[in-house]
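Shared between the two complexes below is chain A, which pairs with chain B and chain C, respectively.
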Partner chain A sequence: MADTPGAIVERAAIKAALKREFRKQATNPHRHASGEGGALFDPALQRFMSMKATQYDYFKPTPKASFMGLMFIAVPIIGYGLLLKRDKEQQEMRIRTGQVSYADREFKFL
Partner chain B sequence: MQGLYTQAHDSTNRATLTGIRSKFDQLVKMAKLVRLVQTSRRVQGLSSVIISRSAGHWNKDWKPAPYPVTPEERLAAARKYGLRPDEYRPIPDDGLGAGDYPDVPLVSAESRDPYYPWDHPEHRRDFMEPIHEDFDAHGLDRENASQKLRFSATYQLLAFLGVMTAFVGSFYLLENYKLHWPLLPKQFPGDGKVHFTFEKPE
Partner chain C sequence: MLKLILPLVMLMKYMKVCSVVQIGLLIVSFMVGLMSYHDFYFYGIGFSLGIDSVSYIMILLSVWIMSLVLMASQKVKYSKNFYGSFIGVNLLLLICLLITFSSMEYMLFYISFEMSLIPTLILILGWGYQPERIQAGIYMLFYTLLFSLPLLGSLLLALNKSGSLVILLSQPFIYDSYLMMIWYFATVMAFVVKLPMYMLHLWLPKAHVEAPVAGSMILAGVLLKLGGYGLIRVLILFQFMGKESYWVWLSLGLVGGSLVSLMCLRQVDMKALIAYSSVAHMSLVLCGIMGFSWWGLSGAVVVMVGHGLCSSGLFCLANIVYERLGSRSLLMSKGLLSFMPSMGLWWFLLSVSNMASPPSLNLLGEINLIISVVSWSKLTMFGLVSLSFLSASYTLYMYSLTQHGLFFNSLYSCCSGKVQEYMILFLHWMPLNVLLLNSNLLLISSLIKMKCVKR
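Our next item is the complex of A and B:
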């Protein structure tokens, strides 16, 4: 439907017109004089930037989004914290009850 | 501007399609931008967009609208983004969406023709081309997600796992079968050890 010869010709015509207009405005010496100057304003780029800045406005806690938030954010942070806590507490208990020899002490090369 | 209109109409059989209209509306807006001098003006053809150079561009004016449900909303959104109505497809609204922002086909910058005269060669992008939602992750120095790999990702993973399995597996299997030099430990006298018993050979 979008790859018919008529569609292709139409898209090429629009593309050529836009390219011609871009070259014309980008090399327009009066743009600086009027105070505008600088990079030519691109509405598509501005829409992309605004979309990126306001993406949270369209966030909804659907099952898929909640699952991703759990598996990629909550589980790694909390799980790693719990594992670390367990390892440190086990090591601390072994040190305090005298099961670690002087030759196996931590940071002995410092 | 007159030459632009007639040239485009001649090549497209004078069809009045909304895709052409939205693009030319944007061209009209651009031409008027040059003539603006510190004033705001409502532009025909682009409803509810006020161009105001002195006040700048606010996110609230340019952010995507809510997800389009009715066909009229879809048509308006296609016009806004400069896409044909039959090729406009919003990003699915599954909680991680972005309103009516279009689902542009992903073609990384590195996959695009390096010899075509792009308007922005550092992005390999033309002026007013609709931008993919993950555009910043697919630039020239970043991921090339649309390339055709010589070896598929599955093949690469299996090859890596196969080689690493061979190395690690042979290490573990042959750990108890190490080869030694044909030497025995040195025999020192003392401590009641008996190294040689002086028995007659048979």
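Our next item is the complex of A and C:
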């Protein structure tokens, strides 16, 4: 139904009218001459930026969101920390019990 | 110190005359620069204030950035938006910062640390652009204040235990019981939230984005370094506890920094991208300071200076774009290379320094930090790889999105690039890439001090 020749012509007319209006406002010589800069106001762009700026206000704690927070934030931080702690403790124990010779020790002068 | 504070106080009389204050601040920064060849070992400068190498570098950075801030805020003057009070607030902030960086006592340091929040809040609320700045000011204030009240308690406890809070006389506390860990965390949290660390960083994107260009520049340039500087001073007392808990900060810094860098890639707001990149840089600084190694300390100081200049310059660039386009949106500010070609030079130089490419100070600092962090444990290399790679990726994203391609087709004409803006950006870039040639001024190492004494 939307592909009838009448509908196509009608949509093309609307689109051409909008384009004409856009070109008319974007090439406004008085606005260009004043040198104040800026851009033609686009409500869709403004809505998008407002959405991004107020993203946190619309946050809802769902089980999926909590799960994502855990898996991608809490688990890597805590897991990586414990891994580093364990690695360092093993390293220290090897050095302090004399299993590493002084020549083999790295980063002595840091 | 009188030669620095007295001119600043006297400049407040000339608050209404912008040019006098700008020139005066440049002269003060020159006077601070003259002190650079002094042999620092807590050079006492009167009024129980003292400067050592780290303090001196921070004071120089803060005076330099403040003079650039006043140069960048010409719009406040032209729109007659209370520019006398604006200059007064900025000078007050600079005095607070000078006292903070040169205080030889923990209590004076704490008082001036808190005092610097108030002019910043006044800047954000008074001269910011969006209504969201109220929330930004509240976030900044309450994040910092919530975590710095325990710091006051722990400083009083330290006074009780050791009888004096003078930094030179401070001895590390013996780690007797596990309760002392609470003391350690209470002290360190205040600085870690200012630095900021990943979990406590939420105030930073808000405050940086909603602040005027002056507020953003001074926040990114100097106020974040207050956290790092405070950590350097306060960790003297808590060496044993700090040794045990380094893995916490390392993990938060590396993984948190990588997560924040990933967030950078999703931003649509230019200033938010630069703000999140500040968090990523500072997280590496955190890893360096907490590690108690000479390389870590010197790398942290160098990155603090480099990042201060680089981020401040990027915020200046973002403001230059904002003044012309009226929007901070990355969707609108694209293809600027064809729009303002000469500005592309500064975009390029500052972006490239942001991702720590040679020959910038950031590279030197990051090399030192990477060496110090890897020297603690080889497993940290995973975190470092992701942090470095993602830092390059979001910087390239920002540069190519703002510069390359077609410009937004509904832009109205505006002036291309004023020479004053080029001068501000040049003054940002010059220490960043040229100070590298004489970086022994910034690198802190006892070996260098010994060399001077031998000569």
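We take it that the second predicted complex is superposed on the first by the 86 of 110 C-alpha atoms of A that agree within 3 Å, B and C clash if a C-alpha of one lies under 4 Å from a C-alpha of the other, contacts with A are read in each partner's own complex, and residues count from 1 in each chain.
In this section, a contact is a pair of C-beta atoms (placed from the backbone, for glycine too) under 8 Å apart; a residue touches a chain by one contact, two chains touch by 3 or more.
From a predicted model like this one, the values you see are computed outputs, not experimental measurements.
*Asks:* With both complexes overlaid on chain A, does A:Phe22 touch chain B (first), chain C (second), both or neither?
*Replies:* both
*Asks:* Scan A:Leu45 for contacts with chain B and chain C and give back first, second, both or neither.
*Replies:* both
*Asks:* Per the contact definition in the header, classify A:Gly81: touching chain B only (first), chain C only (second), both, or neither.
*Replies:* A:Gly81 contacts chain C only, not chain B.
*Asks:* In the overlaid three-chain picture, which partner chain does A:Arg96 touch, first (chain B) or second (chain C), both, or neither?
*Replies:* Neither partner.
*Asks:* In the three-chain superposition, say which chain, chain B or chain C, touches more residues of chain A.
*Replies:* B
*Asks:* Is A:Arg31 in contact with chain B, with chain C, with both, or with neither (first, second, both, neither)?
*Replies:* Both partners, chain B and chain C.
*Asks:* In the overlaid three-chain picture, which partner chain does A:Arg105 touch, first (chain B) or second (chain C), both, or neither?
*Replies:* Neither chain B nor chain C is touched by A:Arg105.
*Asks:* Could you look at A:Ala2 and tell me whether it touches chain B, chain C, both or neither (first, second, both, neither)?
*Replies:* Touch partner of A:Ala2: chain B, not chain C.
*Asks:* Intersection of chain A residues contacting chain B with those contacting chain C?
*Replies:* Looking at chain A, the two contact sets intersect at 22, 26, 28, 31, 35-36, 40, 42, 45, 48-49, 53.
*Asks:* Which chain B residues qualify as touching chain A in the complex?
*Replies:* 4, 7-8, 11-13, 15, 17, 19-20, 23-24, 26-27, 29-31, 33-34, 36-38, 53, 57, 59, 61-64, 66-67, 81-82, 84, 86-87, 93-99, 101, 119, 126-131, 133, 135
*Asks:* Taking the complex as given, what residues does chain C use to touch chain A?
*Replies:* 132, 198, 247-248, 250-252, 254-256, 259, 268-269, 293-295, 323-327, 329, 331-332, 371-372, 375-380, 382-383, 408-415
*Asks:* Where on chain A is chain C touching in the complex?
*Replies:* The touching residues are 22, 26, 28, 31-33, 35-40, 42, 45, 48-49, 52-53, 72-73, 76-78, 80-85, 87-88, 91, 106-107, 110.
*Asks:* Residue numbers of chain A touching chain B in their complex, please.
*Replies:* Interface residues on the chain A side: 1-2, 6-7, 9-11, 13-15, 17-23, 25-26, 28, 30-31, 34-36, 40-51, 53-55, 57-62, 64-66, 68.
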